[in-house]
Amino acid sequence: MKVYLFYFLCILALYSAFMVVISKKPIHTVLYLTLAMFCLGGHYVLLNAQFLAVVHIIVYAGAIMVLFLFTVMLLNLNKEGEFQKPALVQVAAMAAGGILMITLVGVLKQTDVVMAKDPTMTQIGLVSSLAKVLYHEYLLPFEVSSVLFLSAMVGAVLLGKKD
Amino acid sequence: MEYQFILYKATLSIAILTVSLLIAMYSTLAERKLAAFFQDRLGPDRAGPFGLLQPLADGIKLFYKEEFMPASANKFLYILGPSLTMLVALLTSAVIPWGNSLIINGHEFSLQVADINIGILYVFAVVSVGVYGIMIGGWASNNKYALLGAIRAASQMISYELAMGLSIIAVVMMSGTLSIQKIVDQQAGFNWNVWYQPLGFVIFLVCALAETNRAPFDLPECETELVGGYHTEYSSMKLGFYLFAEYINMFISAAIISCLYFGGYHFPFESMLPVSHNILTIIGVLILFLKITFFGFVFMWIRWTLPRFRYDQLMKLGWKKLIPLAIFNMVITGFVIRLLH
Amino acid sequence: MNAISMNDYLVFCTVLFSIGVAGVLIKRNALSIFMSIELMLNSINLLLAAFSVYMNDPAGQVFVFFIMVVAAAEVAIGLAILVMVYRHTHSVDIHLLNRLKW
Amino acid sequence: MSTLIALSALAIITMMIGAWHKYKWIVPTLVVGMLVACGLNIADWNTNIHYYNEMMVVDNFAIAFNTILILMALLVIIIAGHYFRNVVKPLDDVYILLVFSLIGGILMTSFANLVMLFIGIETLSISMYVLAGSKKFDNLAKEASMKYFLMGSFASGFLLFGIALLYGSSGSFNLTAIGSFACSHSADLPKMFYVGMLLTFVGLIFKIAAVPFHFWVPDVYQGSPTVITAFMATVVKVAGIAAIFRLFNHCFMGLQPFWANTVMIISAATILLANLTALYQRTFKRLLAYSGIAHTGYLLMALLAINTHSMGAVLLYLTAYSLSTYAALVVLMLVKDFIYDDKMEHYQGLAKRNPFIAVTLAVSMLSLTGIPPLAGFMGKFAIFTATLESGYLGLVIVAVIGSAISLAYYLKPVISMFFREGGQIVIGLTPWLRIFLVLLCLAQLVLGLVPGLITQLL
Amino acid sequence: MILLVILLIALLTSALSFMSQEGFRAKWIAFSGSILVFILSVYITINNCECHTTFDRALAGNFGAHFSIGMDGLSNLLILLTTFLTPLIILSAFNRTYRRPHVFYGLIMMMEMALIGVFSARDGLMFYIFWELALIPIYFICGLWGSTDKIRITFKFFVYTLLGSLFMLIALISLYLATPTPHSFSFEALYAVRMSPHMETLVFAAFFVAFAIKIPIFPFHTWQPDTYTTAPYQGSMLLAGIMLKMGIYGILRFIIPLCPNALAEWGWLAVLLSVTGIIYASVIAIRQDNLKRMIAYASIAHVGLIAAGAFVLNAEGIRGATIQMISHGINVVGLFAMIEMIQVRFKTRKISELGGIAGQAPVMATFFMIMILATVALPLTNGFVGEFLLLLGIFEYMPWVAGVAGLTIVFTAVYLLWMNQRVMFGKPKLILPDFNDLTTREILILSPLVIMILWIGIYPATFLNIAEPALLGLIH
Amino acid sequence: MSDLKPYTSVSGRSKIVSDKKITWVERLYLPAILKGMTITLSHLLKHKATIRYPETKREFSEIYRGQHVLKRDDEGRERCTACGLCAVACPAEAITMVAEERKPGEENLYREEKYAKIYEINMLRCIFCGLCEEACPKEAIFLTPRIVNADYHRDRFIYGKDILVESMDNRVDVTKRQTPEVLAFKKEKNRKHND
């Protein structure tokens, strides 16, 4: 059951990722990417990383992709679907991506990843265990990311301000 | 056991969906009735006694109306929009504890479809996804009013989600859990969160209004400016989906408010009632629905009282008032918790 | 029962990542490029989460949070820049931005 | 750590000042604040403390690089104060972002965990993306900002994939843990680790702009406001280099046979390609951009010599490079204030009427070329020494040829200014500015004569 | 210590004239400074004692480099040459009206400082720094006051020499790294390095390229004629008179003691190239119409011979090279000075446009004749001593090469004497109404040169003795 | 204009508007909102104004201006003489008519020698102002408190004589519109139209 679900999500995610790349209209790109995000959310659930799954949906599907969609609508980019790189460049880019993929997959496929134990039983995806790590070991990066947010905020204001 | 479990969950889900739909249906009637009453009118009273069959009539009317689709609209997305909205609206009900458990033949049946331990976040996630239906629908209509409505909806929902989340966090800080069931159980008796989180409650209420696109935040569909906003081009049952979804959302928000701030299915002095567990549960469910009804009423009451915001006022309220307030609330909560421990 | 191995995730994420890279290279629309980058980041997120689960170490998932945080900030800034550019050129085609050449 | 806190506080104080509309106070506050931060930074010397579960480490390496970072940022802010002296609209956010960016840079020098590296890079980059486009009426600036942003995010993707694979193979984000994993498993390291290492490296050299990931640099440098270019060319580059060195020093030291060739090829290609391309530049800013790329190549040389205490050399080189590039950009800024263009033609005959400017530019150009006794020479010398010590003669020869080529373009503005006849522009300089320029020249000279000031630090 | 003072005086003078802002003051500052330097250098030559010359202080941090100066015989001679020629060069510019003279004189004094630094450095890195430092003033002198096409030519010159010296830098660093830890750049430490044959060859090659470009030896010479021609006369004098000697000095100072084995193995190539250069430059010189260009090619020929002598690795060769360095410096400065005098008067330096000067200006013709004869190496002039010793050395090394190299005397005689005849004798082609013979200032410039020509020609031992111990030390 | 007096309201209901800064409490708007809410809430229980139409009808004024009627005299003869004054007076131009001479033998049908062969009022145009009634010199047209019936077709709203003319079996009472004052007013010779 789980395996079938996994493969189903994989195929769906890959399909939508592929469509992200090849679809011509920005709005389709956004929607396919959103679909891919949901598939990845499903993957997180399969990994029993519930908290991550929900946060993933909130952040990516709920905020980031909405912003993308918002931008597409605000700029009315529908008509811009037509322009594309020359075919040769596209083929070259595809080839580059493909080669990267083949190389990486080829290399990584061979590695035997040493694993701790039966992953289905792990409870690390639960909020409490994550929180313990986040607020203990990773407290400093957590605090520092507030600096990052602050800078992003100031930056957004700077960009959005009228001159 | 497995079979039984699935059957029970399926029954529960179907029951909840049915109830949601029913309530949404009658919310439309209630809305119209209340609007009439606030305006010293009577409201619909022709279909059935007191107009009770009016929602049915509306539904039938919507079904029979012409399926209209703008020629330049994107067919798939045009249909996807309302469907998504409806789907998302219905999804939220899964984590709401409708009542305490029922004990039948020694088996305990919880009245909650899924007690996931991050229920609040689940709600939040679903709510944040809710905007897609509106945006896609508005975009696919290929109509400037619809597009404007969609854009407004998106920015409004994103903006108010933040304050909403922040106000929820204060509750979560107090209760120390993300599970709605546990939050509800902590409020047993008269120990409601609203006594501790009045500010949070107000913020949440305002944000809930905005998230459900209810007046005074109904800018996405504001008739005077945008004709009908994102659903300008919609008709027939697709429009019905949008309208329905709004009422379902309202119902769910009322339920969540009841659960988070008003003790859910708990009521004062319940432990003193000399009744069996199951009866108590049923009373609890009724109490919850009473609370939901009350908040549904509050939603409508507000709608028919307050004038619509201007768009810049809306944004200003969201970003400059509610978010700082919510942060303030959170900080205060943190301090108090720290002091008490 | 669990027949999904870590390698499956590894391969899946790698393929996803490569698709993202190809997308960055293929697209001419800045917005689409940006989205392809998001795809890359997502594949990394999944990979980290999978590692974390299979190694029973929460640190990987915590890292994913940080990636999400940064991605959110980046998106905010990126879209602001994009809109700013669009206001002037009325296009987000990166090929219009070729004035910066020698 | 106290540096970080001080700088964060400084940023917030600046925000407050901006909120109170006391714009005149911003630059003085920043200068004082940065000096304080620098003092706090130096006060930690030789303490070598790990902070917060080995998230950050304040060792002498970090302190030395932080000092350079802070001082260069200080210089940039000082000149920004001059550059923006006539700007009416409030620019507090630009200064705030500069400080934030500096904080990111400091995280990059002192990370002990890959999380911190990532957050540091992003803090630095996000501010820079915005700053690159902060001149909003200028189309080039916007385009620069967009390109920088897209490329930077793309690079982050690679970096993160690399980090993920490193984590997957070693089971930790901690530098020490990864390093000891690499050492203890050096015989049977999973292939994933190698790939992770390579991708991390790719992500990082994207940020410091080495061939083949350098193509965004000239555009971004040219488009950005000159003050920001100065910041990018100095602070950002120093931080990036520091990050690479710390990563390699702590994690991949034992695997040198694996990555040495890659680094060598990248370094050689960077030096040659950047120097050759720079020959064809017509605007001064692009020229400096390519010069910056070329210098990245030289710095990567030192990466090969990482086991022979090349840190001092790198530090010296970076200081020299930053100072000279900064001085050159200051001159560019002053000239551009008058001519509104940075084509090389406009520098013709500038020396006649503007000796201060011309001499400053000449000194910095010669320093960048590596002519003794200027600072740049000592930097190059130190790097060459370190590289030769590790036995990369061929690479050094390539670098030498690159240096000779670089002379050709570094001399271009000098020739224009001194030897060609040209306009009669007189660029008004305040006495303070003159003193500032003289001090810049002197600093380059002193560093060249007494490099021990810096090299002996590490 | 006095040597340091000399350097500082030169530097100070340079700075003072930069700041003087005014031509008259600047030239007197420079002149008096250079005279002072000359007097001091004579003083330390006479009272040669380590206490006067040696100064050592660790400077360059943990590189093991020291600010270390000192003086052995070889250095002494060349320092003397520098300090002797510089006042004359400055004097020769006295009534020229250059733009921004204060910069001009400042650069010359800076150049002197750098040159003295090169010759007195006792530390590899110091040597390199002064070596490169010398490039900057001469570059600006040529670039700022040069004539046609100066930008391209000076640029070529700069890039060429810089590339060469960078190779030297690599060689120096390699040597430095080969010294026992803590590494050191001091000459003693460098000399003590035992290199593998392979490395020795590489070091030799690097040094050879660096010095060959500076000297210049045949295939590396292309920058030289153009630069000499386009540079102002003072620049040419500095270049040909002193800067060339840096290359030869480098050969003597580094190649000979450091890589004798490589030199034994590859020396034939170096000698061959040098000798080829002699023939090549001489043949071209014959065809020149431009006086300055002719002297430039003649210079290539002469330094080719010196280089060949230095490479043969025997006492005579080195001795000859040393003495010929001095001689060539004096002669070529004299020639350039005289050509300038001619050009100042006739506004041309084309042989075909000149003629019959001797009739109008007998003093000038006499001095010119002496210079030319010294260059041609007539016995009793300084040129003879040096070339004789050089040819002797080369003969010992490879007799037939010496035969070929000997041709240089013949060639030199041919083109210089022919030139002399065309310029000084025959019918005057340009008759100037207010033509003057040499002024007192000009005689003041030329007479020390003539005195030196004769001194070295008659009693070279004065100078050879100064250098002798150092030279012997180099060979062994 | 120094003697400008402060504006005083005639009705006594107007308020003088001032733009004084609102206080902090007012800026919260919460009291105002609550006030508004109580107002609406109070309306919830108030008497409803709705009249359930077909069952209960609203009481009309006696001179309500509804559907027109063309009166007959007591002998059943049509009073209208097709003078056209009503059509002229109609601001909405809703009235059209065609006149015809009375044939001999039709005296029991028409009171005057001339009568309206066709008399049509477009009820969709009519604004029920009553000017036609005022203009009529023969007391032939009156507005009545009857309501014009709804219909599905626009053309059916053009009412002809078949609808307009009263039947003698079911006469329409217009006495309330013919009070002595009205009659006297109409008799007044020198009155002008639209006065």
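Each chain carries a letter (A, B, C, D, E and F) given by its place in the written order, and its residues are counted from 1.
Basically, contacts are C-beta pairs under 8 Å (C-beta built on N, C-alpha and C of every residue); 3 or more make two chains touch, one makes a residue touch a chain.
Please read these numbers as outputs of a predicted model, since none were measured by experiment.
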item	value
Path length in steps (a step moves to a chain that is touched) from subunit B to subunit E	3
Chain closest to the middle [Cα centroid of all protein chains]	D
Chain whose Cα centroid lies at the greatest distance from that of subunit C	F
Remotest chain, subunit E as reference, centres from CA atoms	F
Pair joined by the larger number of C-beta contacts - D-E, C-D	C-D
CA centroid of subunit B to CA centroid of subunit D, Å	53
Interchain centroid distance [CA atoms averaged], subunit A/subunit C, Å	6
Inter-chain centre distance, subunit B versus subunit C - centres from mean C-alpha coordinates, in Å	33
Whole-Å gap separating subunit A and subunit B, where each centre is the average of the chain's CA atoms	29
In subunit A, residues with contacts to at least two other chains	51, 55, 63, 67, 74, 104, 108, 111, 113, 137-138, 141, 145, 148, 151-152, 155-156, 159
Per-residue overlap in subunit C, given as positions that touch at least 2 other chains	10, 17, 20-21, 34, 51, 55, 57, 59, 62, 66, 70, 73-74, 77, 80-82, 84
Residue numbers of subunit F (touch at least two other chains)	none
Full enumeration of touching chain pairs	A-B, A-C, A-D, B-F, C-D, D-E
Contact set on subunit A toward subunit B in their complex	27, 31, 34, 50-51, 54-55, 57-58, 61-63, 66-67, 69-70, 73-74, 76, 126-127
Subunit F contact footprint on subunit B (complex, rising order)	34, 36-42, 45, 301-302, 304-306
Interface residues, subunit E side, partner subunit D - complex	58-63, 125, 128-130, 132-133, 135-136, 140, 143-144, 150-151, 154-155, 158-159, 162-163, 166-167, 169-170, 173-174, 176-177, 202
Residues of subunit C touching subunit D in the complex	10, 17, 20-21, 24, 30, 33-34, 37, 40-41, 43-44, 47-48, 51, 55, 57, 59-60, 62-63, 66-67, 70, 73-74, 77-78, 80-82, 84-85, 88-89, 94, 97, 99-102
Footprint of subunit A on subunit B - complex, ascending	77, 116-118, 121-122, 124-125, 127-129, 131-132, 135-136, 138-139, 147, 150-151, 154-155, 157-158, 161, 178
